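Have a look at this one before I ask anything.
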Amino acid sequence: MKPPSIIALLSGPDQPGLVARVAGWIYERHGNIIHADQHRDSEAEVFFQRVEWVPAGDIKEEQAAFRELAERELGMSARVMLSSDQPKVAIMVSKIEHCFHDIILRFRSGELPGELVAVVSNHETLAAATAAYGLPFYHIPVTRANKAEAEAEQVKILRETGAELVIMARYMQVLSESFLKNVGCPVINIHHSFLPAFAGGKPYHQAYERGVKLIGATAHYATADLDEGPIIAQDVARVTHRHGPPDLVRRGRDLEKTVFAQAVRWHLENRILVYHNKTVVFD
Amino acid sequence: MKPPSIIALLSGPDQPGLVARVAGWIYERHGNIIHADQHRDSEAEVFFQRVEWVPAGDIKEEQAAFRELAERELGMSARVMLSSDQPKVAIMVSKIEHCFHDIILRFRSGELPGELVAVVSNHETLAAATAAYGLPFYHIPVTRANKAEAEAEQVKILRETGAELVIMARYMQVLSESFLKNVGCPVINIHHSFLPAFAGGKPYHQAYERGVKLIGATAHYATADLDEGPIIAQDVARVTHRHGPPDLVRRGRDLEKTVFAQAVRWHLENRILVYHNKTVVFD
Amino acid sequence: MKPPSIIALLSGPDQPGLVARVAGWIYERHGNIIHADQHRDSEAEVFFQRVEWVPAGDIKEEQAAFRELAERELGMSARVMLSSDQPKVAIMVSKIEHCFHDIILRFRSGELPGELVAVVSNHETLAAATAAYGLPFYHIPVTRANKAEAEAEQVKILRETGAELVIMARYMQVLSESFLKNVGCPVINIHHSFLPAFAGGKPYHQAYERGVKLIGATAHYATADLDEGPIIAQDVARVTHRHGPPDLVRRGRDLEKTVFAQAVRWHLENRILVYHNKTVVFD
Amino acid sequence: MKPPSIIALLSGPDQPGLVARVAGWIYERHGNIIHADQHRDSEAEVFFQRVEWVPAGDIKEEQAAFRELAERELGMSARVMLSSDQPKVAIMVSKIEHCFHDIILRFRSGELPGELVAVVSNHETLAAATAAYGLPFYHIPVTRANKAEAEAEQVKILRETGAELVIMARYMQVLSESFLKNVGCPVINIHHSFLPAFAGGKPYHQAYERGVKLIGATAHYATADLDEGPIIAQDVARVTHRHGPPDLVRRGRDLEKTVFAQAVRWHLENRILVYHNKTVVFD
């Protein structure tokens, strides 16, 4: 059994001695560093670090003290969590169910450190399946006419459940800027193409039309610019002229499941930093 | 030692019994089919076939007779070559040399069935290296001002050498519609991105800016629409936030070399059919 | 909606005119070939063919007539099925559940053409989950002492359910020669290594010890020689020195799921021929 | 232009504060850390670190001072090089030439930081090609009878050239324990299979016989146990029943070239630590 650890993600303007000061601080307080990784974007002059350690003292006090160090003394942005944290996660989904089942099964098996708190859908299709998993299901139909109200209701529910992460397991509606501003936590989306190729609707059909020899899937943080958010994970699979759109859809499902799960896991393990619409992933 | 065979590539409107008639014709003349593959685009109602066989009679006569059958009786487009054919191939290149060396070495080792006849470049950089390989080198500087004349000279040389295929081993100039119309043979280009993402100039820099997690290379037939031609082969490699543009360039070189070589090999082995700006590759 | 088709898999000693005779027979009876692929192992002098067509006449009569042609006139082994067939499939599983859930969900979503008829397990762990999927669960404990009897009971159940394919979704017991002889249908197993490397128990630990940079999964037909059966599908994933055995187990799960599903799909779509302990897969 | 940096590779028994002490030492002397990565094998209780920094003082003095710190004060094994170092590299090769050309072209293009000093071969085949690259060629025939003497002569030449790394670009002889002990530097070999599968001779034929669906290549440090040395890099490519041994050989060449080059680059960039017959690669 692993002892509980503190995981810190830092970023900010580069300055001499950051690695030394962070490592020195932990050492002085008799912490034991388990993992440390850093990155320096020398053009942008930004420094990024992920450090994970087992503290000697009270873990909550050390967590608070480190945040103090990082933000006050080092002037860095800091996200500091405990390895025992189980962030609350809400799922948004429409009718397509492979990512939905796959991600829920991963949470249930303990592969993903988080607690599922809600399934929000614009269709009733997955109500029974959600119930079978013992999760609350919120059906909020979305039409052209009611979109603003529907989103307001979604936000209300998501905030009430205390969701710290929203994951779109093939939710087929574009989220408005307002939704993203108000939801109060990051949103991870899985797009069924190798972005930036084939953004927007029906990417497998677009891929078929263009005659590409590889199809892909991309997990990214949703932003107000559709399919333009910071990319977290991508993968591809080989296709040939024999594969029509239904084959691409079928093959793509496996990509979507694994890429989506990887992005969610990285996020929940506090491995991702975003800057300049890109991600640093300390894997 | 394999006996010489005939390789036919057919395409045309779908009609009942095509497979039977082709196979029956070969069987009646005591040919021995080595490889046969077909594809039917049921939406476009087009039929494609590659068939390779060792004929019983005189190989040249059988080749001509089959062409007759395919074009006259079956009403198909047909490209019929012999496995012993060594099509003439010309290379166009600028200064970047990894694809240049790699493809020439593959021809020299017998990996690619063809005969290199010329290297055409807009720079003198690779003149000595070309001479060391025992190949004729044609230096035709291209500027904004002289582009039309320079292309006319390129076309003249390529036609004089009898090139049946032109391969652009990182030739950094856009070819005009006029060049492509007049050169009289297919042109294969290697683009250093996973098309349709990052078409145009500096794709590795574009990829870095967008923060993708995979970079790619694409071999395609050059058409008048830059980087929009039928895709032949593609591959990708994984990158992370640690890889700056120079790393992407370095990693991309390996992709470019293998993808380019694969496309050239498939073309020379008569495995590719083009339709609707896509390719059927009978691998 | 696709019209129902006949799918035939043929194999046998190579002889001139096989392709022509098969295609000609279908053409004469006004069948419409949708897919045809063949392979010739020139060393072993064996010919393999998969042909799929929409018959003009009564589909059952055409199916029978083709079997007659293939076996009597051509002297080939033939497996002739209809695209509408839904073969009965039984799952064997122990406690590890990712392949179990994943494959059942694929059957339920219609991705796999077959009908699940039973789950047989040596543990009770997955009894409730099986019930939730509406499938019959057979718990047959296996010990060193009762292995022969337990296997006899497994065989009895599997035969009673009419299983035409048994799939081992991480069933952690070695099957005896007697089981395989008596079960009366093919058995597909998923092994969690890149065979032939790391056959036998605890392959991820073996991989960790050896320090390989890629881990794999292999689906194969079970034979009396443990992990030595004909390989159907394989895939790998990249690992580094950072990945301990638990990480390899986690990453391997995704490989196991997709490789297993692909092998099962290929089998159910009548795409696999076995000879010389190898497979021909007409994908 | 990057300023010259110091690159240190440390390994040794794990102890508290190692990261802090190394980073603190560099910080106090006003060095600027460019890259730092570490790994802890918690089972083996070994700590590994790669740190690269631009020193403020005289680079040679700082290099020496750091070695002092690492070895004396921290009790670690240390390899400390400068980014400007160009280690001397000797190639051993037989007749097969794709890895030979590919690796030499990479050195010539500046992709690999090192200086080629010799080509040693048991055949004369590549003498002219070596001369064309401007490199000294040493032909030392090896037979069953003269193996010990031949190896002694190889060792003598390699030591005289001052080789700091020997790379076997498809050298088809097994090196004796005595050779490896006396050569005085690491030896990197490329094996044409996905080790540990298909060690020993004719791996592509072994792969064909076994019917695997992926073939591979493995770069490793040569040890007295044939094909059992620490693995540095591996890659695979997909094959089907259509690929006979010559196809596997052809496809494998591309794998061999890239895997070999990657291993050599990682070694020359001081990224590899060996322990327990495994490698830690700080990529």
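Each chain carries a letter (A, B, C and D) given by its place in the written order, and its residues are counted from 1.
FYI, a residue touches a chain if its C-beta (ideal position, glycine included) is under 8 Å from a C-beta of that chain, and two chains touch if they have at least 3 such contacts.
A quick note: this is a predicted structure, and the numbers were derived from the prediction, not measured.
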{"item": "Where chain A and chain B overlap in contact partners, by chain label", "value": "C, D"}
{"item": "With chain B removed from consideration, the chain sets that still hold together", "value": "one piece"}
{"item": "Maximum centroid distance from chain C, chain identifier (CA atoms)", "value": "D"}
{"item": "Centroid spacing, where centroids are CA-atom means, of chain B and chain D in whole angstrom", "value": "36"}
{"item": "Gap in Å, rounded to a whole number, between the CA centres of chain D and chain C", "value": "41"}
{"item": "Multi-partner residues of chain D (at least 2 other chains)", "value": "none"}
{"item": "Touch-based graph of the chains, sorted into line, ring, star, complete or other", "value": "complete"}
{"item": "For the chain D and chain B complex, residues of the former touching the latter", "value": "97-98, 101-102, 105, 109, 111, 132, 250, 253-254, 258, 261"}
{"item": "Residues of chain D that touch chain C when the two form their complex", "value": "39, 43, 194-198, 210-214, 216, 230-236, 240-242, 244, 276-281, 283"}
{"item": "Contact set on chain B toward chain C in their complex", "value": "16-17, 19-21, 23-24, 26-27, 30, 32-34, 36-38, 40, 238"}
